[in-house]
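As written, the chain order gives the labels A, B, C, D, E and F, with residue 1 at the start of each chain.
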Amino acid sequence: MARPDGRAADQLRPVTLTRHWSIHPEGSVLVEFGNTRVLCTASVTEGVPRWRKGSGLGWLTAEYAMLPRATNTRGDRESVKGKVGGRTQEISRLIGRSLRACIDLKALGENSIVLDCDVLQADGGTRTAAITGAYVALHDAVTWLAGRKSLAGKVEKVLHTSIQAVSVGIIDGEPRLDLPYVEDVAAEVDMNVVCTGAGDFVEVQGTGENGVFKRAQLDAMLDLGLAGCAELAIAQQKALAA
Amino acid sequence: MARPDGRAADQLRPVTLTRHWSIHPEGSVLVEFGNTRVLCTASVTEGVPRWRKGSGLGWLTAEYAMLPRATNTRGDRESVKGKVGGRTQEISRLIGRSLRACIDLKALGENSIVLDCDVLQADGGTRTAAITGAYVALHDAVTWLAGRKSLAGKVEKVLHTSIQAVSVGIIDGEPRLDLPYVEDVAAEVDMNVVCTGAGDFVEVQGTGENGVFKRAQLDAMLDLGLAGCAELAIAQQKALAA
Amino acid sequence: MARPDGRAADQLRPVTLTRHWSIHPEGSVLVEFGNTRVLCTASVTEGVPRWRKGSGLGWLTAEYAMLPRATNTRGDRESVKGKVGGRTQEISRLIGRSLRACIDLKALGENSIVLDCDVLQADGGTRTAAITGAYVALHDAVTWLAGRKSLAGKVEKVLHTSIQAVSVGIIDGEPRLDLPYVEDVAAEVDMNVVCTGAGDFVEVQGTGENGVFKRAQLDAMLDLGLAGCAELAIAQQKALAA
Amino acid sequence: MARPDGRAADQLRPVTLTRHWSIHPEGSVLVEFGNTRVLCTASVTEGVPRWRKGSGLGWLTAEYAMLPRATNTRGDRESVKGKVGGRTQEISRLIGRSLRACIDLKALGENSIVLDCDVLQADGGTRTAAITGAYVALHDAVTWLAGRKSLAGKVEKVLHTSIQAVSVGIIDGEPRLDLPYVEDVAAEVDMNVVCTGAGDFVEVQGTGENGVFKRAQLDAMLDLGLAGCAELAIAQQKALAA
Amino acid sequence: MARPDGRAADQLRPVTLTRHWSIHPEGSVLVEFGNTRVLCTASVTEGVPRWRKGSGLGWLTAEYAMLPRATNTRGDRESVKGKVGGRTQEISRLIGRSLRACIDLKALGENSIVLDCDVLQADGGTRTAAITGAYVALHDAVTWLAGRKSLAGKVEKVLHTSIQAVSVGIIDGEPRLDLPYVEDVAAEVDMNVVCTGAGDFVEVQGTGENGVFKRAQLDAMLDLGLAGCAELAIAQQKALAA
Amino acid sequence: MARPDGRAADQLRPVTLTRHWSIHPEGSVLVEFGNTRVLCTASVTEGVPRWRKGSGLGWLTAEYAMLPRATNTRGDRESVKGKVGGRTQEISRLIGRSLRACIDLKALGENSIVLDCDVLQADGGTRTAAITGAYVALHDAVTWLAGRKSLAGKVEKVLHTSIQAVSVGIIDGEPRLDLPYVEDVAAEVDMNVVCTGAGDFVEVQGTGENGVFKRAQLDAMLDLGLAGCAELAIAQQKALAA
């Protein structure tokens, strides 16, 4: 069965990474995976939270959120509901964990970086797009710090690898890469794969949304995910070289 | 004393109104007043809140918010803080009140419209840009409803006028139009003027931020505001004609 | 058309300012504009919030609230709802801003004053009564500080002018001063004017509640508001001289 | 040792019950026990909460609160803190429970009454003053319902007895009635006694604040409390007869 | 009329106090009054809250909670509701107050103890079981501190007496000790009595749940409560001697 | 390097599943994986939430929480903090998703089941113990429903498989099964594997906590996890047969 947008099963959607999208943040990237569009900003403050002072270590966290009408149906604002939902917290924690895997907090020195990933338009894979874009924003922010001589180490020492993420799933028994919303809701199994530029795993999360999955299916999804991340790593390099 | 960006005292910043910026909402406009950039979406649902059912009247509300790094220094998310701040609520209420001034809720019929104004980048005048952009998004949403034959009246009956807003202030004793952030913080008096396309006032809010003001100064600011709104009305017409 | 209580269009309701209404606060005034009854207290603490320490500057804030049955229909308590509503925050901010316009925070020295305005009975104009009463409570509190030799400057230096506020509106096309509830809900335009004892504007907020308004109408409302504030300033002087 | 205000150990402070203190509520009483001053209002709505509809039974609840500067030191507002404190909830529950002891909810019919007790000025015994005043406000509200023919039974059937409350304590080993703040903080034992007009107990709460207490001391406090409540019942009758 | 479980009116349910129920806390007791089962833990931290530092005094607080299905019908979690209910707060405060009556905070020195009482299974009398069990957990925690030489005084000086609590009530006119749920809901009057090992009262709370009560009934309940507490004090001694 | 408790790398800790631990819930299991101790209850209510009525489908959710002193250091209660933390929500969602994989909501009919998993004592692997115990509690609850003839299908139709979960990790380069706390904090990679009794995957979550991981390591962990789940499935069968 053909994919709704005619892609091959192992093909990514068109990916764009627009750096310097906003004027204020130290790093700011608009990442697009097809119609999914996430604004990733990296905000630097010199110094670390009080409980970490004097440790010589930096700090990195992430926050993910969606504009109310990023989706097809308007969702209520979490600020108005007065609490951050479980899905939002889960994704914020995933992004933070993923990006901490590429940063040497000692080489960062006592500086803090907050990665904000705000979904302006959603069409599946928002968390994986966010991770992929956040890495580029983070790179710009660390470079900015280096320019101010506020960095204990060099940029390449602080960021010893790159981080990418992509979703994979099984639809009608077929493993497919980078699901848009219409495939995501139809998937029997849904998996997110986060990798380093060196091809190692940082995080693997597979869920049988409408069923369970066998070892062979899991293996096929991991293959697709690794290959997709390798392509995304190249896109990040190109964007950073531009 | 010259303005920081070289404009005349009665000159607006470059204004752009990009319609159909996102794919999901019924109306979606990216409005820019110089570096201030607000995404205004209009979300339509057929039907009204329970307490209004059977009234024959429609419903319109607005919500304003800022991305955490829309500003020069990162602000904490209101969702994380667990409550909507006073400034945010005040502006949301102002936008809703302003746009309700142009809509005939009877002609709208039992349909609900939510206007979301999310500041992606802030450089002064976010609330007035939001009102100006929200009108265009609202117009697209009402037109969409008309296309679905879900409207009690015609578009021109539902929206009997247009709505614009602009800030004015007094800096170093001089009344100036459309203040960017750097002028806003230096202003002795700060005023927001909301008008209809017919040149009537919808709302006037003047505050002596760093001092008080005399009747003559108030009059000068009102003159500037009226003229600025008239220009913005033309920009809206052009955008809607495109 | 006659006003419901027979007043002339430019006439205030009977105004009373009862000082020392409660025993604990440094300043405590029960202000009445007709049936509207607001308890205004000024609470002094020596010292300022941590972030302001060492600045040499004092601090002044205000909080407004309504008893649940101050109105004709009982309203739910904001403490029970777990959040302060938009209207309440807006008015609290207005009161604070207005009273800061008359105080020299340097001459106040590192002292903090909180103005609490609790509406015991509402009949229109609660925010303007609150501002008018809060000034008198503030004056008593500053005088109390002077009596303890805790003031950097003299009372007249700390409070360089007085502050008054009044509502004006247009009902059936006629501009009227100091609206009770029954006129307030019927008004086409509703405006609050805050002035200093010297006749300057501190804040002007006009809203077309059920319609828009023309420049001439705005001018007529400003005239009424200025005259009303001048009368209130005299009432404040008398109360403080008693 | 003499009491600070010269009273005998078994003597109440001057008690006043001012009915019709506000214009809006169906019952509204300003109760004063010396300097303690509580505004008690009774708000009637026809009908009962959804889960009670069709039961034929009425509903009665109470809410207690304190103005921020009712006390010697300003307390933060619970609305601003975003939650109702333990002490406030405890007293609200006590007032509701106490007043439900005198009302026949079947004879009330499907009507709801909310008793709001707002402390305008505190000097010890606020909860007992609140209960004593709330009974009078409740009586006025039930009489109002009777006047509208909205009552299933007669007023005397709905309210089959009256309710009073008073505090007692042991200071320097001496049992004393109706403690002002200065005695309250010094008391070794603190007790609140709620009675009916017939001299039965509704609620008894004794706490060893700074120590424990013996059976004989408890008996002496109960004697004082019963006698104090009997006096308060007479004051209530006089107020209702006025 | 016989009691549902065949006990005499003045008889306690079987009471067990299992020390060292969990491995982590400094004191940890599973207390059972019949089917009521409460896990009481005492958590010690060296040091006191900031505002108490340098006072030489220790600190003791308590928190009570119920698992959602401790009762016959599942209750919503207070964490999910986002606030602690009035009943929970009231009981937490009661437990803290009761246990503070037996501890010499000066002899404790600048150490903090939190008593957590979590109801695993409820069948009436959860607050009184919690107090009785918490005393034993507290004793173990203080002994633990003594073993670390972190105590200013000896264990017997820090804990100068023991604390017990039991419920009493009047069912069908008969005073009964230690009510299970089925009697609790049927009781006309419900009372909780907290005593010291020396037979003094710490707290007495009697409520006419479905009626009022006379002095003679109150006296009979106090007799039962005192006798029940004396038995519980022996059970505590045995548990601590084991 | 030997494991702290002397186990083989592929060996589970002692597992106990105590059914009917509490008297009220329809299913109630105390599950222990070594020192980790979780009370899992299944609460049945006939009927489903309003939005699901008439669908013919049942409903199943889960909530996870920890007692404050389940861990070595006391944690603040989420009810007191006023919000459910990200970790708690993430685990609650995981448990619900995992157990929904074994239940046929159509065969369950319009009944609702809430699974509460409260950690009484924590020593690593609380979420996997919770899932394993919750399945047994769920089985008892469904059997209870069958006994009341309230089930659309038979028990075996409603629960078409069993669900187990176990943690695996890599410590000092060695893949190990079922990590206690001391291994969990030292693990380079941490993975949770949820399986069905048929040996299929329901969920796989692997995280490089202190590093990244290679495909071969992931494969080794999956092998261990599958084998561990198979053992747990046997333990569940034995418990249910007892």
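The rule is simple: a residue touches a chain if its C-beta (ideal position, glycine included) is under 8 Å from a C-beta of that chain, and two chains touch if they have at least 3 such contacts.
Values in this document were obtained by computation on a predicted structure and should not be read as measured data.
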For subunit D, the least number of touch steps when starting out from subunit A: 3
Outermost chain relative to subunit D, judged by CA means, is A
Over half shared or under half: which fits the residue numbers at the contact of copies subunit E and subunit F, same or different? same
From the mean C-alpha coordinate of subunit B to that of subunit D, what's the distance rounded to whole Å? 51
Can you tell me which residues of subunit C touch two or more of the remaining chains? 82-84
How would you write out the ring of chains in order, opening with subunit D and then subunit E? D, E, F, A, B, C
Residues of subunit F defined as touching subunit A within the complex: 83-87, 89-90, 92-93, 97, 101, 196, 198, 200-208, 211-215, 218, 222, 226
Would you mind writing out the residues of subunit F in touch with subunit E in their complex? 22-25, 28, 35, 37, 39, 41, 43, 45, 63, 65, 67-72, 74, 77-84, 88, 114, 116, 118, 120-122
